[in-house]
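Note that chain A is present in both complexes that follow, paired respectively with chain B and with chain C.
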Partner chain A sequence: MSSSDFEYPEFYSFPPFFTIQPVLSTREKQMALWQELILRYHTEKKIKTLVVHDCPLWKNESIGRQLSPEDIGVVMTEFCKSGHGEWQDDNETRCRILWRKPEQLATDIYQWAEANQMINNVCTVYELHSGEDVNGMSFQGADEELLRRALSILEDQGKAAIFKGDTSEEDGIKFF
Partner chain B sequence: MPSTKLKRWSPMACLPVAALTPSGLLEMDVKDGEVELMRRGDMDLRSDMADPMVPLSSDGSGAASTSGLKWIDRDDNLQVSLTTHRIVFFATSDTSDNQRNARFLHLSHLHQVTSVAGGMMSAFSAPRLTLHSYMGDLLLIFRESGAAKDRDDLLKFLQRAMERKAWETQQRLQEKNRASQAIASRKVGVDAIITKSNLRHKEAARLTEDAFKGDAETLLREAAQLVKVIQKYATTLEKGELGEGEDTTRLSDMMENMGMTSALSRQNYRGGTSSSGVADDYTTTLARQLADFLRPRLKACGGLMTLTDIYCIYNRARGTNLISPEDLLDAAGCMKSLRLGMSERTFPSGVKVVQSDNFDDTRMAIRLKELAEEQLTVRTSSSANGDEGLTAMQVSRTLHISALLAQEQLLASEKLGYLCRDETLETTRFFPNLFEDYLKQYSTTAKQ
Partner chain C sequence: MAHRRRGVGVARSGAKNAKIQKKADEMKAMSLQSAMDTCQTLETKLTEFAERHRNEIQNDPAFRTQFLKMCAPLGVDPLQSKKSFWNGVLGVGDFYYELAVKVAETCLATKARNGGIMSITEVQSMLAKRTTRFDFAGTSSASTSTSKKKKKKSKDTYSEEDIKLAIKKLAVLGNGFRTIEVGNSTMIVSVPTELDNDHMEVMTLAKNMQCVTTEQVCEVTGWSKSRAERALQLLLQEGMAWLDKYEGLDFYWFPSIWKETMEEEQS
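Our next item is the complex of A and B:
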């Protein structure tokens, strides 16, 4: 997918979208829309990290509206609360976007393993996010840290075992 | 129609019914120049006759049946209001359907009023008046502290009103007018016009002179006629003899707001229970008067009016004996408990308004949402930028309400979830709340 053809939804041109709504019930819906937008934008463009001061979403030039820095803070806080984002630093300038939550990712990986006869076989972590067999899967190009969290969930469930390789990328996974 | 079934057979039930305004104020005979003179509370009315009186049905059309009822010769705790024409009794305890019961005795039916001093017998020591009427003798007993002074006041006013026979002067006045018209009609051409105008000026001069020469009571009596003089002026204006169109309409607008029949000040009122924390008589009367005054105006401006606006137009209408802001606040505050069809409301911002009972926030919110939607279609069709969204000014212009109220209404609709806002440096604009629709749309596209 090329990076330029992200299709902005209709509400992105709705001026009130760029004002934090004071009425609670309205604001909840607005925040849900922001979360969806941020998530889709980053998932479709395969961007793993949101850099707060460098994100094009905050400003819509065509209608002359933008979020103020405080408003961005509110939106990002809500976004992280939803479980799709994690701050990478204490200053809250960079946010890891969790395209799928670790739990969802774990399920996805296991389904993929079943579909590709990987049960009782071994593959590496590298193969999981950059291998040839994972084309089009939700975890293709996924953040390694996120991937590892998903794998440890599978391990806890007894569906996989991880053993150390020479480098972290060569760590092996065996599915049961 | 009110039922003709009598609930209580007492002297009150045997007097003719006084017409009341929708807010429960005494309706006066403006054509006949009736003016309220004084008002006192806490009195008993008692029949001083051996035989029971003949009751009138509550619609006043005829005698009512007394079957199954026992004659009670007294009514307790009444309010009494004296006008130039009538003495009116109000039952303080409201009946179940919240219609005040008011009965009157026309002064022409009275032939004498005598004062009975507190006698030697301690049981009958309360000061009292005896009203000798064609129906028989009625006793008016003063219960309140300071009753002796009240009794003397009422007696003084009553006797003067009876002497003056205001109900007859109106007839005499008409005869006199006819006479002067006869003089004018004998002349022709310019002469006739000059004579007519001279007569008019003389009449107006006499009125003003009389009004300010005499005591306050005469002034009150003349007030009704003075208002008429001003109204006459307005009609002349409408005929286009004077001024340009705009001036004429402005003045006649102002005149329309006049026409108060009673502008009693606090001093004319006594006999409430101001000390006990309950709204006193002056306040409740003012509230009723306000309600009558506001009813058509509230309808015209969408069911809401700020207290500031009310203060201005009401005092302009009174002309004399202006009320204070505190009086207005008190009166507005007790409108709800009097069930006058309107009540006071305070917006979250602290703006106080009087709101008609059939005003509906939701209906207003829907109306504003429609306005905002119209505004949005204008935008998409002309694809112009920056003009979209609804501002308080636009609402104020479209709905003919003040900008302050428009803002309050917009905020109320936002709170109900019909609108959402777009804050920019210049102003705050309101849009129909589309967030929910967008959210539904967006999450369904995700599933595909």
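Our next item is the complex of A and C:
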């Protein structure tokens, strides 16, 4: 998906969207809209990391509005609280975007395994995020660490077992 | 004439009275009968008309409005007539109830971002975007609709009149559903918040200017700063206005008005 494909929501052109709202109920709505926007932007473009000083979302040139650095902080803190983002460093400059939460991802992977006769069969971690059979799946191109978290959930549920390969990408997964 | 001559006799006054009474009763009965006949005819004619133009009434907002105007002086209100023959003929009673539900749903769904106030234009376009079209009491009249209607924009499926009528039905339920006029546009308010003249004036101003500052409000209205602030603060508290801090100034924007402007630009 190229950058021009992303369809900005209508409220992205609403100037007050770029000012943190003083009234609580309005602010809650505003934060929910920001979370939705950040998540959809990164999911659709398959971007795994949000670099705070380099994210184009904070500024809408066409209406001459942008979030102030403090307000970006507020939005990002709320975003991480939603469970879809995790700071990768202590300075909070890089944020891992969880397209799907690990639990959702685990369910997606298992459903895919069922649909593709992978039960009692083995595939590699590499095949899971970059294989030919995962086209259009939510975990296609997913962050490896995130994938492993989802897989360990499946392991805990007794739906999968992971065994070591030569490299981490060659680790195998067997579905039950 | 024979009646009259005989009636002159004083001795026969008792009989005369009885006769007059009888005649009066006859005439009453007759005029009642004729009135009933007239009503019957009217009902039949209206039914025929309604049946003949059923599709137009259901699908063409302009026609529907005209039809309702025609019914009004005859004392017939097809909208209220869920139980009457109108329902059987038209299902019009259902039409407005269902529309009322849709309007209410739309208002409530957007309440978080507009504070419970939105323009009829926006409601119209949101309803038009919904894929499910109202099924008229099981009639599949859509297939037979004329090409004229197909050419019409889907936005016209519900006229402003239709939505206003639907709101009237909602108003009965309390909860503050009502319409207000802001400048030249009609807004639907779905919250019980009392809006006084000051609030209305601020919104009318915002309608012309897109957004307002406290200073602009004072300048145009001649109000004191505190009066302008009071009005703006309530609108902000209610979520009807959003704050936009830009270049050191506080601008107040109204999602309802902003959305309407966007709709108008699109169409």
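Observations on the model:
Please note the rule applied: the second predicted complex is superposed on the first by the 176 of 176 C-alpha atoms of A that agree within 3 Å, B and C clash if a C-alpha of one lies under 4 Å from a C-alpha of the other, contacts with A are read in each partner's own complex, and residues count from 1 in each chain.
Everything that follows uses one rule, which is that a residue touches a chain if its C-beta (ideal position, glycine included) is under 8 Å from a C-beta of that chain, and two chains touch if they have at least 3 such contacts.
Note that the structure is predicted; figures quoted are calculated from it, not measured.
With chain A as the common reference, chain B cannot sit beside chain C without a clash. Of the two partner chains placed around the shared chain by superposition, chain B and chain C are both touched by A:T26.
Once chain A of one complex is fitted onto chain A of the other, the partner contacts of A:G158 are absent, as it touches neither chain B nor chain C. In the superposition on chain A, A:P56 contacts neither chain B nor chain C. Looking at the shared chain after the overlay, A:F14 reaches both chain B and chain C.
Contacts of A:R65 after superposition on the shared chain: both chain B and chain C are touched.
In the superposition on chain A, A:E36 makes contact with chain B only, not with chain C.
Steric collision with chain B, judged by C-alpha atoms after aligning on chain A, is confined to one stretch of chain C among 8-16, 116-124 or 242-250, namely 242-250.
Across the two superposed structures, the residue set of chain A contacted by chain B and also by chain C is 10-11, 14-16, 18-19, 21-23, 25-26, 29-30, 33, 64-65. Partner chain A is touched in their complex by these residues of chain B: 385-386, 388-389, 414-415, 417, 420-424, 429, 431, 433-436, 438-439, 441-443, 446. In the complex of the two chains, the chain A residues touching chain B come out as 9-11, 14-16, 18-19, 21-23, 25-26, 29-30, 32-33, 36, 40, 63-65.
Within the complex formed with chain A, the residues of chain C that make contact are 112-113, 115, 211, 236-237, 239, 242-246, 251, 253, 255, 258-259, 262. Across the interface of their complex, chain C is touched by residues 10-11, 13-19, 21-23, 25-26, 28-30, 33, 64-65 of chain A.
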